[in-house]
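We call the chains A, B, C and D, going by the order they appear; numbering starts again at 1 in every chain.
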Amino acid sequence: MKILYFAWLRTEIGMAEETASPPETVTTAGALIDWLAALSPRHGTAFEKRNSIRVAIDQEFAETDSVITGANEVAFFPPVTGG
Amino acid sequence: MKILYFAWLRTEIGMAEETASPPETVTTAGALIDWLAALSPRHGTAFEKRNSIRVAIDQEFAETDSVITGANEVAFFPPVTGG
Amino acid sequence: MAVRVQSEAFDLGVETARLTKGRHDVGAVASFVGIARENNPDEGAEPVIAMTLEHYPGMTERQLEAIEAEARERWPLLDCLIVHRYGRFEPGDPIVLVMTLSSHRQAAFDACQFLMDWLKTKAPFWKQEETASGQRWVAARKSDDAAAKKWSKPA
Amino acid sequence: MAVRVQSEAFDLGVETARLTKGRHDVGAVASFVGIARENNPDEGAEPVIAMTLEHYPGMTERQLEAIEAEARERWPLLDCLIVHRYGRFEPGDPIVLVMTLSSHRQAAFDACQFLMDWLKTKAPFWKQEETASGQRWVAARKSDDAAAKKWSKPA
């Protein structure tokens, strides 16, 4: 599963993209956040601000209780500030 | 006093502009319409559609009861259809 | 005052570049271009071959300047442009341009729409349409009066 | 679908001419250009030297196409264009263009404003500002959420 980070999540974690293989018990975006947060201290710090983090599953906006099973690409980012 | 006609008023009366010297008793735009309507049959026909005629006194929109005494320029035209 | 009444065409890109040039405070440019159309659904189905816009020189500029001044008073505009053409137009020809500049988009959008709505009811232009049946003066549209009225301040 | 995500600049005049060329049914072209500003009043008074827009390639196009499809469904649009740039911008640089074409002006205005309001909350772009104090990610604005919400259909 490809994991993408944007904006301050990218700079805090220190990478734009990584490949992750969470266990089968990790079925939701929220559970994936918990699992990723344990990967490294930088992950842990970045994911502390959970209320400021949005998620997209296969390029569609999703919620923390959305199912990630079978997804190819999960992205984490702050609320958008375009235009 | 300069009298101007636009759109179908111009084509019906057959001129864009004329100089008129109404008597002093003609003090409002409405009275001026009555006076102009008597000038010629073409004037009479054009001014029959009074409800479809708008007036400007010295280049400002006005009403039929607006005072024309001292005005340099009175214009008659249908409702505007610009843009 | 940025008001122009002309027979010549205008270029939206050139006007935007000119109004924003050297400025660092503009965040939003809203613009509207009105174009001559072949069909006027309000007036029946006969295709329009051409149209001629007649105006009242002198009063037109005066009215456009008054409309522009009111927009600047009601919204925090950084700049504003109204270009209205007169003469003969064929379908596809641009006729009117309104452009508003502001820090934020809402003011730019609202002022641009206000200006167009008022132009339709306050600018002394009259439209004659040419169809296969001949030439005909276009009647004013009630929907334009209604659009302009929504901007009236409460008494 | 007329959606472009690019680093290159765009020209409003060229895009208008391209979209209206050969058409006789367009009466109204509403457009909006968003420009990088020196001051962001929501974020304090320090002048912005430059800003960088990061986006999510793939998802951006997908979201813009979905927004455009929704606008075309809600208003009788004859055509529609969204151009969103990414990269580094200095104050005065145009960043986003939305253009809507319709027979009548109200549909063009409403759809243009709808698209801008939704872009601000649904397009995956993130803005980093550069001031004398350094670089900083810009926080989302509550007023943008409110602007987008006004277009929500009743449940």
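Here are a few things to note about the model shown:
We adopt the following convention: a residue touches a chain if its C-beta (ideal position, glycine included) is under 8 Å from a C-beta of that chain, and two chains touch if they have at least 3 such contacts.
Because the structure is predicted, anything quoted here is derived from the model rather than measured.
Path length between chain A and chain C in the chain contact graph, taken as the least number of steps between touching chains: 2. For the pair chain C and chain D, the distance between mean C-alpha positions equals 23 Å. Centre-to-centre, using mean CA coordinates, chain A is 73 Å away from chain B. Chain B and chain C have CA centres that are 26 Å apart. Chain B and chain D have CA centres that are 49 Å apart. Listed for chain D are residues 34, 116, each touching two or more other chains.
Contacts between chains, counted with the stated touch criterion, involve the pairs A-D, B-C, C-D.
Interface residues of chain C, counted against chain D in their complex, comprise 11-14, 16, 20, 22-39, 41, 91-92, 94, 103, 105-106, 108-109, 112-113, 116, 147.
Every residue of chain D that touches chain A in the complex is listed here, in rising order: 34, 53-56, 58-59, 62, 84, 95-96, 116, 119-128, 137-141. Within the complex formed with chain D, the residues of chain A that make contact are 4, 6-8, 10-11, 56, 59-61, 75, 77-83.
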